[in-house]
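Each chain gets a letter, A, B, C and D, in the order it is written, and its residues are counted from 1.
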Amino acid sequence: MNVQQSKTAIIEFIKVNKIYPPDVIALRDVSLAIKPGEIVFLTGMSGAGKTTLLKLICAMEQPTKGLIEVAGHDLGRISLKNMQLVRQKIGMAYQDFKLLPKLTVYQNIAMPMEITFTPPKTIRDRINYLLDTLNLHGKADIKPDKLSRGEQQRVAIARAAANYPPILLADEPTGNLDRENSDLVIKLFAQLNRAGTTLIIATHDPVLYKSYPAQTLELSQGQFVFKDQATPKTATGE
Amino acid sequence: MNLHLSSIIVQTARNLKHTWGTQLMTLITVSLSVLMFSFFFLIFLNLKQAGGQISKNIRLIIYLNNDIPAAAQPQYIQKIKSFNKVDKIIFKTRNDALRQLRQQLGKDGDVLDDLTAGFLPPSIEVYPARDLVSLAKIKRFSDFLATLPGAQKVQYGHKWIERLSYFTQLIRLIVLLSGGLLVLTATFMVSSTIRLTVVSRNDELEILHILGASKSYLQMPLIIEGLLQGVIGSGIGLLCLYFLFNYIRSRFTGPGLMSIIHFSFLPPPTTAAILIISILLCTTGSIISIRKFLRF
Amino acid sequence: MNVQQSKTAIIEFIKVNKIYPPDVIALRDVSLAIKPGEIVFLTGMSGAGKTTLLKLICAMEQPTKGLIEVAGHDLGRISLKNMQLVRQKIGMAYQDFKLLPKLTVYQNIAMPMEITFTPPKTIRDRINYLLDTLNLHGKADIKPDKLSRGEQQRVAIARAAANYPPILLADEPTGNLDRENSDLVIKLFAQLNRAGTTLIIATHDPVLYKSYPAQTLELSQGQFVFKDQATPKTATGE
Amino acid sequence: MNLHLSSIIVQTARNLKHTWGTQLMTLITVSLSVLMFSFFFLIFLNLKQAGGQISKNIRLIIYLNNDIPAAAQPQYIQKIKSFNKVDKIIFKTRNDALRQLRQQLGKDGDVLDDLTAGFLPPSIEVYPARDLVSLAKIKRFSDFLATLPGAQKVQYGHKWIERLSYFTQLIRLIVLLSGGLLVLTATFMVSSTIRLTVVSRNDELEILHILGASKSYLQMPLIIEGLLQGVIGSGIGLLCLYFLFNYIRSRFTGPGLMSIIHFSFLPPPTTAAILIISILLCTTGSIISIRKFLRF
């Protein structure tokens, strides 16, 4: 019945449930539709299910029930090859960063581009730009465990943004950052968004989601808080 | 495609650089395992050959009451052969026996000139086929030969045959047991080393996987690594074996000694098989680590 | 010359320098003195040296130069045995949590008490209290990697607070927490402080350090920002 | 103190529970290494014994021109003993030689009745001491004996002595080489397994250390673990060896065979030494992991 919306949505959840064994209900009948180029803030208390929702989008977790479509692919019925192609379109800055400990900052940020076989020169230029933008000059050849936590976070964000991904998922991107560095991150996000990137940012930082003119979805115990509408609306949970 | 290849080679080189400690350990493990395994296989092969040569020297002598006329000989031959495969059968008359004694006495042999050929018994010497190594089999054969018509008693060689056969058997058992032990150990070593390597690489592979790395991007470096490890590891192992073999052979190239046991190295097909199996083992082991991410 | 102050200070830094090899200057001539029972907020941009300062207090890192005294011990000249005794008096909630991945939440929080051979019943009571206070009911027997990031952070705080430590160091304790959970943490800290615990909290969250009546030290590139005073003052950097 | 102990036991039990996979691997590694090492040590010991028994059977026969009068015998004995240690020296006159031939001929021996004792040469039989196993040494001894006054020629045993000696030498070399290989492998295996275990435990120990755990709290579980691994691992290894030994022995308890080589298990002190060394090795290996945290 929402055929048209489904057509245009780049991310769509229909009645998605995620239950971690044995019985932790992380998401409960979540439906949402996000159009290309939108910015969506995901808020909610600790343990509400924000990270779970983002992990479902990049297929790091499988839903217990329900349908998830990303970039036109049904993630429940996708081939390995296509799944990897979808993942290449998603940049995710994980809440626990997931940096490769044996690689340098430079190599970490380069990874998504190497995976898609980007020419070395393009990689170099992009990384230099990102390091400058995120205030990480001089840290290129250092391993992540020699960085401060906030520096690590910015490396994770740089890696997520490196490949100009059509979809960028950021999980608590400013949790370890001061106001100044947070602003740098937001600026980078805004820039990407202007170029067409769809942004989903999970955060509990009011400064972030109140100052920015974007929709905010609030999760509580696995469900969206505003449930007065019966059908999934663009960028609105049901 | 060129970009792909170079990117994968870069990735492999990076892996090797970061995990060289573990890689070296796996390499040594593979080398030692191949060396041990092929060493024992080589011993076993040469022992089998030696066993054949020793049993060539076994003969059973049937002392008879009377000479057997030439006409009756085929009948005896047939009977003997019906019980066991035989290499050679020699009939000796009283005269032959006397001649032999004379030879044994050397230049004092002429003291026997006056004697008639009567006092030494005639005999049949039976050289059993090479597969007859077990002492029990020889005994059974000897018991059978004692039932031949005209047989007085059967002697099977000297004590040393018994001892050599006993020795060969013991050594064969020991070689088999220790060989089995070694194969067990080698398998365990290689698989446990690989398991530990896989565990340590788990996180890394998972991150690459969720970043969207393609199957070949994940697999190729591991395949190349396994390949290198298999080739280099078993190569070193076999090379060591070759030097060891030459060392042993050179130590035992005294005059007359080489004639008893003929040393030979592993035949080329066996060498090739060992190489290929190690490569497969290493590669498979490496690839197992991405099995859980890639459903294949 | 500040003999009296040194006597009463529970934590004292005198001209401490920390240079990470090869040449990252994390702290530069830092002096401070903190009296028992004080609360100190440590702020500053990402990479300013907050974590480094806290790590120096619990002897996780050694200073390149300078003197550090904690609970009356010169950390540069302390025996292993005494160092461990000093560490038992310090509860630290690390920025990267440092939870033991193979132990359950319960066992993780119990660890500092087990190390000091606390009777099992005392341990049980304390843990139940902490789990209730920090909104972690039902997570006692779960391994840390099955928790949301904010839950992990609260476990780390619970572990730091478990043993009623005379000194509690909290590194960005609310980075992954929403307002509600942050308040629970602050309440716990206040409670400990009333019982005599000295608190040092590194944070970039203005809500935290502005709402609470305590001194704030700001680091910038390894140095305290307010440097108009020549001698170390109580709870003031120089 | 009771609380301390129980806390440490709880800690050890927890460790064992969480790392049972690695623990089991280390245990099997230790067991296999001990089994292999002691297996080869056992073979080596028995071989040494067997070597002694074989050389007992070696004798050199010096054929003489004439009988040696009893009065001259001590002089000969002294000369022979001056060159090499000797077990036994038997002087045989012409008559002795004839009597022997008669015995060999059995009931046909009476044909020799008419002969004078003149045609068979007298001889001296020399049984060299047991340490004379190498063929080269026997040859040198034989060359020396040929220079004795009145010596016609020297025969040293039959071909089988040559062969047995050759065999023993070859086997000894192989056992030594494979034993060396095995000790190398076992050492490498144990140390690499421990290294990997240590690496995987690094983070955990570091956290406990900065939480303020005392030296004994950190060390005791590791010591207990190493102890258990050493005891159980080498225990299993030695037990397997014992069963293997009994199996081999039972397979070779044919009549008359046992007399040639006397099998014996590792003496209790050796067994104890193996146990203690494995325990020390495992414990040290485990403790190494906290070395970097505790400066001791």
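One rule holds in what follows: a contact is a pair of C-beta atoms (placed from the backbone, for glycine too) under 8 Å apart; a residue touches a chain by one contact, two chains touch by 3 or more.
Because the structure is predicted, anything quoted here is derived from the model rather than measured.
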*Mind listing the chains that sit against subunit C and also against subunit D?*
none
*Taking each chain's centre as the mean position of its Cα atoms, how many Å separate subunit A from subunit B?*
62
*If you average the CA atoms of subunit A and of subunit C, how far apart do the two points sit, in angstrom?*
31
*Centre to centre, by mean C-alpha position, how many angstrom separate subunit B and subunit D?*
23
*From the C-alpha centre of subunit B to that of subunit C, how far is it in Å?*
68
_Based on which chains touch which, is the overall arrangement a line, ring, star, complete graph, or other?_
ring
_Pairs of chains satisfying the touch condition_ = A-B, A-C, B-D, C-D
_subunit D-touching residues of subunit C, taken from the complex the two chains share_ = 58-60, 80-81, 84-90, 92, 98, 100, 102-103, 107, 111-112, 114-117, 119
*Write out the stretch or stretches of subunit C touching subunit A in their complex.*
20, 24, 43-47, 51, 95-96, 135, 146, 148-151, 153-154, 171-172, 175-181, 204, 206
*Which of the residues in subunit D end up touching subunit B in this complex?*
22, 25, 28-29, 32, 35-36, 39-40, 43, 105, 108, 111, 115, 118-121, 135-136, 158, 160, 162-164, 166-167, 169-171, 173-174, 177-178, 181-182, 184-185, 188-189, 192-193, 195-196, 199-200, 244, 248, 251-252, 254, 256-257, 260-261
*Mind pulling up the subunit B residues that touch subunit A in the complex?*
3-4, 7, 10-11, 14, 18-19, 204, 207-215, 217, 294-296
